[in-house]
């Protein structure tokens, strides 16, 4: 297992077409670099805290994110890792969809496809690669089927003897440009006649024709402005990108599903449940970070004795522990499929629904506690300026321990939580809340519940 | 292990001062009988579904409610039992506070007190007794300390060589009159000088001076009116009572704590966490019952194709699975104390907070789906009447399978869910939501979260 | 204008087929009498507080509920009356749907139909009649059209020279049996070929074939048990009934719409908006009552100094004033139609949506403040009993001013709020919240809002 | 009355110490210019739509924002103006606190102070000045009184014959640098001995020692990056600043309160109620803008037929109409004070509470409807770039009418709504929600409500 610096050095060797604001950029660009920094922590923390497990495939310990979980304890270890990463980074660690894809593929692939996947997985484990995955196609006009607007979906445009040519785009692949391996999965199920879209594969750095167009939120604009803490969070704002596949050749050994509509359905279900469940642990960690910030802000303002504020901390604690406990419960009540231990599907989706509600509640409490200042504070540059510095020093100062600089650091961090793209990401990452509710509506066992009622009230019908 | 009928026969042999509407009643009274019926299911279901475990104390299998849990699996078994009971009964099973008391006592008692308790526990297990417990003192004027209004708290009024005389009342002891053993625990912690109130003990059927004054909700008035299904739920409406101790003698062997303020605090914490956590599983089962009813009502009205209603079923499923998953997670992440496996305290309280919110949401969805009819339907007696029966037959009929009678049974069951004392019980059972938030506010580890933030943003203070 | 007693005497002269629990009952029945008591207050309070206005039709002052509102001030007077009635009665005043029907008919009827209606209205005003109205047909299997299950809708089954014979039922007509005049309106719009259902008319006491089958909630069972305050609210629990029309003859002069599908649509829209808007004022009054009870309970428990509880009172105040203000705003921004001043339709529906959310929030706060006792208290009969009275006296007592009896009265009143059919009634009265949202979705002016955005961001499409 | 361009020309003549990112900037700076643009609309729209009223003071029509409202209709006109401005600008119009200050001063000042104020008001009206006001002092350690940390509050540091020297800062004065007149009001009430802080006055462009340090949100960083629509909203992101008073001399004729603790209390109450009430109309307009954006996004995605999304538009409509109706209701039920018509205080605060809840709900619905793309979209610069433009054209395109550019404009506007400082501003502008609840808790008439309950249930105590 490599460390964070080794990971960064490796990534920086790749040649990648990354674009910010319409221009090609390198790995040192201020919108790219935080992603590397965040991912590097996934390496260092795994070593430091033991978030790894033994892999028979390579006969040694591997990062828990680079293998499939085989037991409830493996899964809980993954959730513990996720929660801690979220709490420490206060943003995406970028690798969880990669881990979800590994677990999903391993639980559904069989025969040749499984062997191909194991070949890649061995390479991933041997090199301690960082993986991500992408699902969301642009979709354009949602009232039309894929076959009516082919270009809006990743698809096979040519079959060759040694592989396929794919074309299309994925619009939300967080951190893709900072990964060693990128998985591509279909974003939905397809009907007969739509086999060209039913394709799942992996890309590696040597593949040509891949373009990464980064998003541009306000927080990223702040990152480009520099400063030490003005951007709020040194690990950045869920940096994602549109990945364009401009006639990319993929050799057969990295094509795992092609044309098999049923396998696509199975893969998506496994991926979605895996991702939504780890998302509950992730939200727990995010709420932990917001809770820490809220608790510090209470001190910074000398408000420790105000019960109404402190009780909000208690409610935030209910949110984070509740979301985390759901993930743990789903792990314990999970199911084995092809040697992979998957979380209970219903609980996983419940975790998504309750986690998002809790996240929004925590944001509200943080905003209540922090007051208006995260929206109106001067900048770090005002603090450093000869003309304005003395005023900022004087007027931003907090209760005894908190210098103006420290309070401003905290304010900027809270501003990050309240005005970054986190709210959107929490709602839609791993699929919208509505998608989870629809899953629950179709997959829950209502007949047992109906039967209990029938029996209690002696119903004939 | 006995069965439900044996339990009922045994209880009916006791001579008890039970009062309904100011008059002494027997076990056949329509407000008492449903409690026996509900508790009898705790016997039958334990046998049928294996909700028991081996006890070294008596060298045989015992109901999981009559022993302390020693492993996470024991605790999960208890939560599974609880959830199933709640789903089947759609009301209290009355024995969970008894089980919480057993777990709490066993986790804190030491030395002589522990031996005394083991003596009673052996008897409980040998006879397969049903136990309940009570904590809530009347408290009167909450601005005054117990010592300023002694009669408002259960207390020792006389010490004798062979035991103590206790006096006072507990105002919410659900199902007390239908139990073999009733535990009494202090409802709060006390200060020095208030040792007379710091007393925990058990009562048995032979004790004199105990009065049970039942509450009188609308649902209980309906029970007294008879009919087969008009009362909505054959297992009754969380039937509780005020237990009055009118100079009751308790022998020393059933006094487990007396005057030890620290032990009271420990006992209360263990009890509260145990009860709040099982309460999350309980809410899951209640929501299951409401979901079953909602799903049936959708059919009864021919509304299966209305997405807006079906999606509410999905949300109800998120609530029940989420609450249950929290209980499971708390069990897995629990702690051992004196050989007892207790749920994680923070998660237990999170389960209370999230469970209650979910319960209220589920009620709302059930009410939305059911329409106004649970508040305005004719009665079973109108259906049976010569004068009105033909109209009820004609106008209450639902979609194809649902006869007027079946639809009316379902309507009355939903009326029960929406107008019984369940809402109050869910909010306040095991302590109010505010009590859980206060616990979370004092016991959560905020410093780790603060430290993560400090590190991320490089804070000096 | 008559007074409350005169109204009661008049009603008691009518011969009506009213049924409770399958048996024919008279006006002194404990489930009927509270309705008369509640309605009598609508007479007395109108006189006492000036809730009347001048009618040119009869050339004198008439109750604001028995005329159409002609100005914003008329409408605000009606809302003030409604709020005060709701606060004082803590239940339905039963006459608002009658007033809504009068306003709806007057705003849409023209020509002969209008003259017919004016004839009846003159009679209503001259006699100071109490009016109600009903809309909801049983509907049976909602997946079928009315023509596929004719008996599930009120319809004309025979035309005669002097009038029509109608048959069917209305399932939720609150207080119908205590009114002088009952209006019947269709519960939905109809398509061509369904003209038989498109009928709106009025019934009077002399009409034969009308049956009133009362609902039977828990609160009504308590009313039948007697006592002075055990039932919680002397004015009863939104007492409603199924009204069966068993081949009822209606003379043409009381048939206002028949077969005119367009008029039905207009009538329904006017009625719904009128009713939903007054419903916002009604919820305000209900929340006022809950707030008063909560404030008293805080005193009764000696908790005046607990900020967390007092702030809930502040939030309840926001709910009631907000709901009321919406009604006032809708009145001011209303529209004139045929001389009738109707509230703004969009605001009226907004009032329904926000009012119901606020009502549920207020219930939650009341439950939080009251604690568990409203679900577990002994009864008034226990207080009066020789055997249990001294215990109730001792243990139910509150802070200084509050005797056990007074605290128990208050507890029973709060129990009424939390376990009566009010929650169902608030959600579904005047149509469900979903019905209002659907109205808002179709009738709101989204294009102005879209245009503002288009202009701000310079959109071409 | 001047037009928008004339206003801009006048402002640009002032010499002001404005700082962005630690550097002095001019009125053309991209963070300053949007404020001028927004305020200019307050001039043009007032003319175009008649948002003005006759002023006896200057004997001509004046902008409704530059005079005190004398009737309910004046106040409703102000709310209509506010709502329309919010809908059109999708951000602050910056002048409402100025108007609130004018109304508050006019309702409380008497004698000499009133004359002084009238002198300034005449000048304001004659010149059609734009006014703002500020209240919030930095407050530092909230556990200490002002006298323990004097520099944290604006205060009089020297009295001169011709005026006073003031020092201190106000931390959230939105748009201050773009106003002709800035009012300074105390941010809280004071105790005896704290008279130095009890000072209210006005500043004009000629005053020396005033510094404006702008905040620096992500949205402002985007503004600095340029582009036509990348910043989302051309009118900017609630641009506010810390105003530093570095020994500023204020002549007596612009000092309206000094040392009068009672007047400070009255002024603050009048200001807060005025501002919270107009805030409800403001939230209505903001929600209108979000609703327009949501409705357009549904089209842009071809999702017009998805009921679940359209019903969210209905709910958003309930929010905006409800909030606006509360403002109208408060105007109608307002009170006259010294010739000023103030909104009903309780309703005004209810409007704040309900408006903020509704705003948060609308944000959630907008986020649900928009999907993840507002957080992950490429930038306008990517669209314009030779290297990436063709990909953006291809993959961002929406349903038929929506070109990639138009859809991207819309996406950026929604990104603005979801990640700007609007959420913080909505919560805390005009005081936090908690501040309103505290007001409601102290000022609501609970005794009338208690009395209604007492009477209904015949309470003795």
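All chains are identified by letter, namely A, B, C and D, in their written order; residue positions are counted from 1 within each chain.
Going forward, contacts are C-beta pairs under 8 Å (C-beta built on N, C-alpha and C of every residue); 3 or more make two chains touch, one makes a residue touch a chain.
Since the model is a prediction, treat every value here as computed from it, not as a measurement.
**Student:** What chain lies farthest away from subunit A once each centre is taken as the mean of the Cα atoms?
**Tutor:** Relative to subunit A, the chain with the farthest C-alpha centre is C.
**Student:** Taking contacts as defined above, which has more of them, A-C or C-D?
**Tutor:** C-D
**Student:** What is the Cα-based rotation angle between copies subunit B and subunit C, on a 0 to 180° scale and rounded to a multiple of 5?
**Tutor:** 180
**Student:** If you average the Cα atoms of subunit B and of subunit C to get two centres, how far apart are those centres in Å?
**Tutor:** Measuring from centre to centre gives 36 Å for this pair.
**Student:** If you average the CA atoms of subunit C and of subunit D, how many Å lie between those two points?
**Tutor:** The computed centroid separation for subunit C versus subunit D comes out at 40 Å.
**Student:** Report the inter-chain centroid distance for subunit A and subunit C in whole angstrom, where each centroid is the mean of the CA atoms.
**Tutor:** 51
**Student:** Out of subunit A, which residues touch more than one other chain, so two or more?
**Tutor:** In subunit A, the residues touching two or more other chains are 308, 311, 434.
**Student:** So in the complex, which bits of subunit C are touching subunit A?
**Tutor:** 307-308, 311
**Student:** Help me check something: in the complex, which residues belonging to subunit C touch subunit D?
**Tutor:** 76, 87-90, 228-229, 232-235, 288-289, 291-293, 295-296, 300, 310-311, 313-315, 317-319, 321-322, 324-330, 332-333, 344, 346-347, 349-351, 353-354, 358, 401-403, 405-406, 409-410, 412-413, 434, 436-442, 444, 446, 448-461
**Student:** With touch defined as at the start, can you tell me which subunit C residues reach subunit B in the complex?
**Tutor:** Its residues touching subunit B are 19, 21-24, 136, 138-144, 151-152, 169, 171-172, 211, 213-222, 224-225, 230, 238, 240-242, 244, 246, 301-305, 308, 360, 364, 367-368, 370-379, 381-385, 387-389, 391-392, 394-400, 415, 418-421, 423-425, 427-429, 432-434.
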